[in-house]
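Have a look at these structures, which come just after this line.
Each of the next two complexes has chain A plus one other chain: chain B in the first, chain C in the second.
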Partner chain A sequence: MAGAGPAGLHHVFYPRRVAVIGVTDTPDRVGYNILESILYGGFTGEVYPIHPRHEQVLGCKVYKSLEDIPEPVDLAVICLNQHATVEAVESCGRAGVKGVICNAGGYRETGEEGYDLERRLISVAEKYRLPIIGPNTLGMINNDYNFYSTFYPMKVPKGKVSIISQSGGIGLTVIHMAIDEGLGINKFIGVGNCSNLDFADYLDYLENDDSTAVIGVFIEGTSDAGRFVRTAGKVARKKPVVVYKAGRLAAADYYTQTHTGSAAGSFHLYRDILHQHGIFIVNSASELVAACKALALQPLPGGNRVGILTHTAGPSVVMIDYLVPAGCVIPALREETIRRVKQIIGSDNPPVILKNPLDAAGLGFNRSTYGGLAEAIMADDNVDILIAVYCLHKNWELPVSGLMAAHEKHKKPLIVNYIGNWMGCRQDQEFMQKAGVPLYTAPEKTAVAAAALVHYGMMLKGGGNLDCK
Partner chain B sequence: MAGAGPAGLHHVFYPRRVAVIGVTDTPDRVGYNILESILYGGFTGEVYPIHPRHEQVLGCKVYKSLEDIPEPVDLAVICLNQHATVEAVESCGRAGVKGVICNAGGYRETGEEGYDLERRLISVAEKYRLPIIGPNTLGMINNDYNFYSTFYPMKVPKGKVSIISQSGGIGLTVIHMAIDEGLGINKFIGVGNCSNLDFADYLDYLENDDSTAVIGVFIEGTSDAGRFVRTAGKVARKKPVVVYKAGRLAAADYYTQTHTGSAAGSFHLYRDILHQHGIFIVNSASELVAACKALALQPLPGGNRVGILTHTAGPSVVMIDYLVPAGCVIPALREETIRRVKQIIGSDNPPVILKNPLDAAGLGFNRSTYGGLAEAIMADDNVDILIAVYCLHKNWELPVSGLMAAHEKHKKPLIVNYIGNWMGCRQDQEFMQKAGVPLYTAPEKTAVAAAALVHYGMMLKGGGNLDCK
Partner chain C sequence: MTANEIISFAAASGRNLLFEDEAGALLKAAGIPVNRCRVAPDEEGAVRAAVETGFPVVLKVRSPAIVHKTEAGGVCLGLMDEAAVRRAYREIMKKARLVDQEAQVTVQPMAAPGVEVLIGMTTDPQFGQVIAFGLGGTFVEVLGDVAFRLVPLQGKDARDMIDSIRGNVILKGYRGSAPVDKTALVDIILKVSRLVENNPRIREIDLNPVFAYPKGALVVDARIII
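For the complex of A and B:
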């Protein structure tokens, strides 16, 4: 948007005073849930609900109009229908509000008539240089500021990953997957129809947002793909950007066009161009979460050589299927490492294949052996990053301490793959991730996570040209 | 294996008397954990632990040798090293044991010397016409018979899905994912090195196993790919077979060869040939579980036309990316359906795009509206199967009853995608799946599940030629 710029968006993401225009007392309605979301999220700024007839909603005094609010408002969240929203934006402009979130749908995604209405919305906003998140959006969360402005009241763990999503449903999917993965979220932006703020504007803003370390993007399509790609590529030089692009088929285009008004474009074209700009591309919401988690927790590896320690071979076969096409290499271990591994294993033990991936078979069960083997591989100059696979077992202690010790000693990135169910892994996952080591339970996600780290490590070294196809 | 055949395997999967050769009292060791696994799993047959010196392990009397056991043994589980295993198989043959599980590695996967040893193992087994599961295997579970013979003591929910896995680690991954998905397992077979029983033998056995309704296969490679494919294709005419093929890269071949002794072969060749034989192919462990769950719970659709009901569009865009290449069609709704949808929505409501996928936007929040819309789409003759997407919400009731009522009325397959985290969805997932409706939380998995149902529905109608690429 002309004039808004990253600085202009600060008031939107960190508002001191927020008006909620169109609150109701019906828990079914958006206007109720936006207010509850803000209150439930623990917002510490001022909230001014607005409705011409209500006196009080959710314990808050309700104002008749913007003009009744005693202080200047930074952000207005508009929970009215598509027509009333346009009038409300006009009144926000007149009242000197600095930004708006427009939740209602009913614009370009519904056809020509809606597009006309959206053009009116945009022209009103431009008149007052008013940035709009949306319309047709779930809303926005700034977890760094306890500001939850969506119509899904929730609390999400805090973290350094910010998500830009063209879909509320996929955005919420990503947020819930992040909860399951123990990944903290910093900001969530539902871009909606991108009326006068596009992906590129949000990327620009997050580039300079110190509380965001990693950016995950779900995109179906945009009217200015060139600017999106160039901006993503520029931002990725400063902090990792991971993109999940949907609407990959020509057959799907008719549909993306009807709900956000953007053609999905050719997936392959997008993928190739994003790739050229150094962006890491994923193929599902769970891969997006997996990649962002690793990038948020771990340092970048010095190279693309992946060591794998396991006591069951299959997961490493699966991982190699992902790692190698993503530009990773599975290097040979050095002679010195082989010698150390032999020492740890002892001579009377069952045969272990002394190569990378190191399948420690029966020896991998033992916690101390496992930690020693991890340490030996991490010490190897041929290895830039270690993936450690371990199966939960009723009678065997998990190798947490050995892995953490190896990681602390060598400072190389470490990714852990437990084979176990959600409940069984939860405690170790929380513990290790608090110490910066991401833990997954699916080998495919583990591999994508490692590939994402390698990708950005190589890109910053000028290697580039890596992709997870 | 010559002579074993499906009938011969019955004693292996449903043994009345089991010897565990090489038990120990050390919880680190395989010999301890196999016995504990059998006891912990609740096996009701007779168990005879064998060790020359121990008197008692885990409360069981220990026998000195097979000859000391008073009754004929059906199955022997051999927990010795690779050399002693060969001798033990010989003694099993002499004692008239009907089948063995050989856990030890150290055979063909370790090189020429190991291959020679495995040839000896096979020739001893052939002499006595003794079927071997393994060697180099995690073991086997027959949950239909409370017989857990792996070295991972566990209990898994019962169900109709059986898994054949070339990897213990991926097998355990699948089992733990099944636990998380609320999917019951019937049998688990870790094929190991496939010494004298190959994938095709297990497929033949499970084809005639009445307690197995769906077969999931994880395969890296096999020495007789032709027989595997032909057998899988034959079995798939009777019950669905879902295949996850790993070791997809030439670069990975060296590694699969070192741990199971089989070349991974060309993935594309495998995929194309499996496809021609009507097998549904998946691309991850979680997709394998997702597809098997839908096939185990739902009837097959009468055609490939997928209706989608949602109140957030993005997930349906993601799903279409999976559904269309898998041979599904997203049909237009009939006039009568549009009329019914309009009635349910009412005229004073926000704009809903009246097409398939039906994005009910704000109206989708309301439980009664949602159920009515689901019923209307299911009633549509253009629709063979319905996917229903719903976001968990703090203040809105979930649409369980409406969905179940629609499903019961129309008997068309229904797949539910909740947008929510593991804990938040658990209760509804259990409830709905008990009633036969599978619930997922990732749109990609939901789409694969629907595609799997469509695939087998079309195959049985002679349509064939469908695949999830």
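For the complex of A and C:
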């Protein structure tokens, strides 16, 4: 459907004055929680709750209607039912509001009657050229502006990754996984039914949003998939776009139709055509978060050759299973590197096999040995990016300083797989990620992270989806 | 005739499935190598066309009433001489005339066997025009070993889709067979992409099979829906 254009979205994401239409005084209602969310998030603009009977909610003066608000409003968050929402959008248009977020469901996802109601909603919005986020949405977060307008009051670490999600539930999954991963979020957009703003419009907006460096997308299906992939491909030349497409089975179509009113479409088509447009595709919410984290923290590698240092073989096997089909190469180490490895280990005939992945086994527990080996692999011209695997231990510590020194010396991307639990790894994770090195606790996520960096590194070099003919 | 004229003519005749000879002319106009195809209005015409084409030939029924030619007993392959052509013509017509008094046949040379591939275009409700490539027959239908790309395709996309199917090992040559001419397949894919991009009235194309040879490729059967 017709896009409102990226320029028109600035007031939606960075509103100075926000009306919350349909605010209520009980915490079990959406209207209450949206107001609380805005307040709890630390919004510094003006908030105008609206309800015809309440005087005060959450310490805020409540206005009877939009007309009672003394200043022009930029954005209205509408938390009324689906029918009242249409009327409210009309009054927003009349009052010169520049954009609306419609939370209510009950539109095209419910069938014919809802479809007609949504047509009415859209035609009212078009009359006033009003961009709508939703309807049928969790809402939106602009963490760059402390503006949280979902009905789940929360605060999320700030960062450079923005998320576009067709599902509120998967959106929340991604947000909470991001918190666990220590990944900061810039913007979150729950697109809902994509009434007059589709994925492509949000991608266009985020392309030119300087505070967003990486975009993660969760999509079930969209009626204009051609425009979605073309736009994603265009944006990906400027900043990485990672897509998680769900709804793989024909049977899923029924559920997605009744979820956001969009058919899932053929997964096979999405997969092939996203690939055609140079988009990195992931298979789960945790992969989405893992890939976005690496892309937000690390520079892109100069090539696709991955070095792996470990002291336990299994994780490297798991990683190679993922890395090679994703277009990565596990190169042989140079003679010079092997010589240096022998020097570091202090034996001409060590009880380990000297190759890539380099499994240093028992010799790798030692911090200085491990750091030295990491440096030697990083120095190898055959290696573009290093994955370092280390296991959480009561007495031995992750060789943080050695890894960081190697990373800084050679300016090659580094990803750490610290095998352990979040509580045990938290301190090292925070330290390393502050310094720009992503740390994961699972080899699968580590591999996805490396593959994502390689994918966009190769694209930057022109090897991605560019026509080299 | 140009592609546009062929499409307009079929549309004006109330047909959305092009005749084989029309599909052939349309592909030829797009620069795609396609098996020759002549229309014969009667038995003598069929014999004449067969002699001029050179044996062996293929006879196929040509009727707007018959969409699935093989199922309707409307296809006879490998006809070696005049007598075989006459027999085939009568057999095809016996069945065809039951549904269409005006039915005709097309006469085509039997193409030299090659590796069978499929090149198609479908209009997806979400994506619009999408090109498909796979090995013919069961590889696509049963195994789903087919690659899709959105129109318009670049050379890189066409090469990539050929490389991405599992059946690519067969195209690359195995057990001593020569590899097929990938450049010729890329060329057809790109020309189909350009054809449908320039003619949005085309809803569906099914070039199945296309024979891929060590040198060159040839469209043997073409189904085009507008």
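The rule is simple: the second predicted complex is superposed on the first by the 458 of 469 C-alpha atoms of A that agree within 3 Å, B and C clash if a C-alpha of one lies under 4 Å from a C-alpha of the other, contacts with A are read in each partner's own complex, and residues count from 1 in each chain.
As a convention for this text, contacts are C-beta pairs under 8 Å (C-beta built on N, C-alpha and C of every residue); 3 or more make two chains touch, one makes a residue touch a chain.
Here the structure is a predicted model, which is why all the values come from computation and not from measurement.
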Pick one for A:V229: touches chain B only (first), chain C only (second), both, or neither. second
Output check: A:G45 vs chain B and chain C. Expected answer is one of first, second, both, neither. What do you get? neither
Contact breadth on chain A, by residue count: chain C or chain B: B
Classify the contacts of A:Y152 with the two partner chains as first (chain B alone), second (chain C alone), both, or neither. first
Which superposed partner A:A313 touches (first chain B, second chain C, both, neither): first
Quick one: is A:P331 in contact with chain B, with chain C, with both, or with neither? Answer first, second, both or neither. neither
I'd like to know which partner A:F218 touches here: chain B for first, chain C for second, both or neither. first
Counting only contacts in the complex, chain C reaches chain A at residues 124-128, 130, 144, 146-150, 153-157, 160-161, 164
Residue numbers on chain B that touch chain A, as the complex places them: 27-28, 30, 32-33, 36, 40, 81-82, 104-106, 109-110, 114, 138, 152-154, 165-173, 176-177, 179-180, 218, 220, 246-249, 251-252, 255-256, 258-260, 264, 284-286, 310-318, 320-321, 324-325, 330, 350-351, 353, 355, 357, 359, 361-362, 365-366, 389, 391-396, 419-422, 424, 441-444
Chain C-facing residues of chain A, complex: 221-226, 229-230, 263, 265-266, 268-269, 272-273, 276-277, 465-469
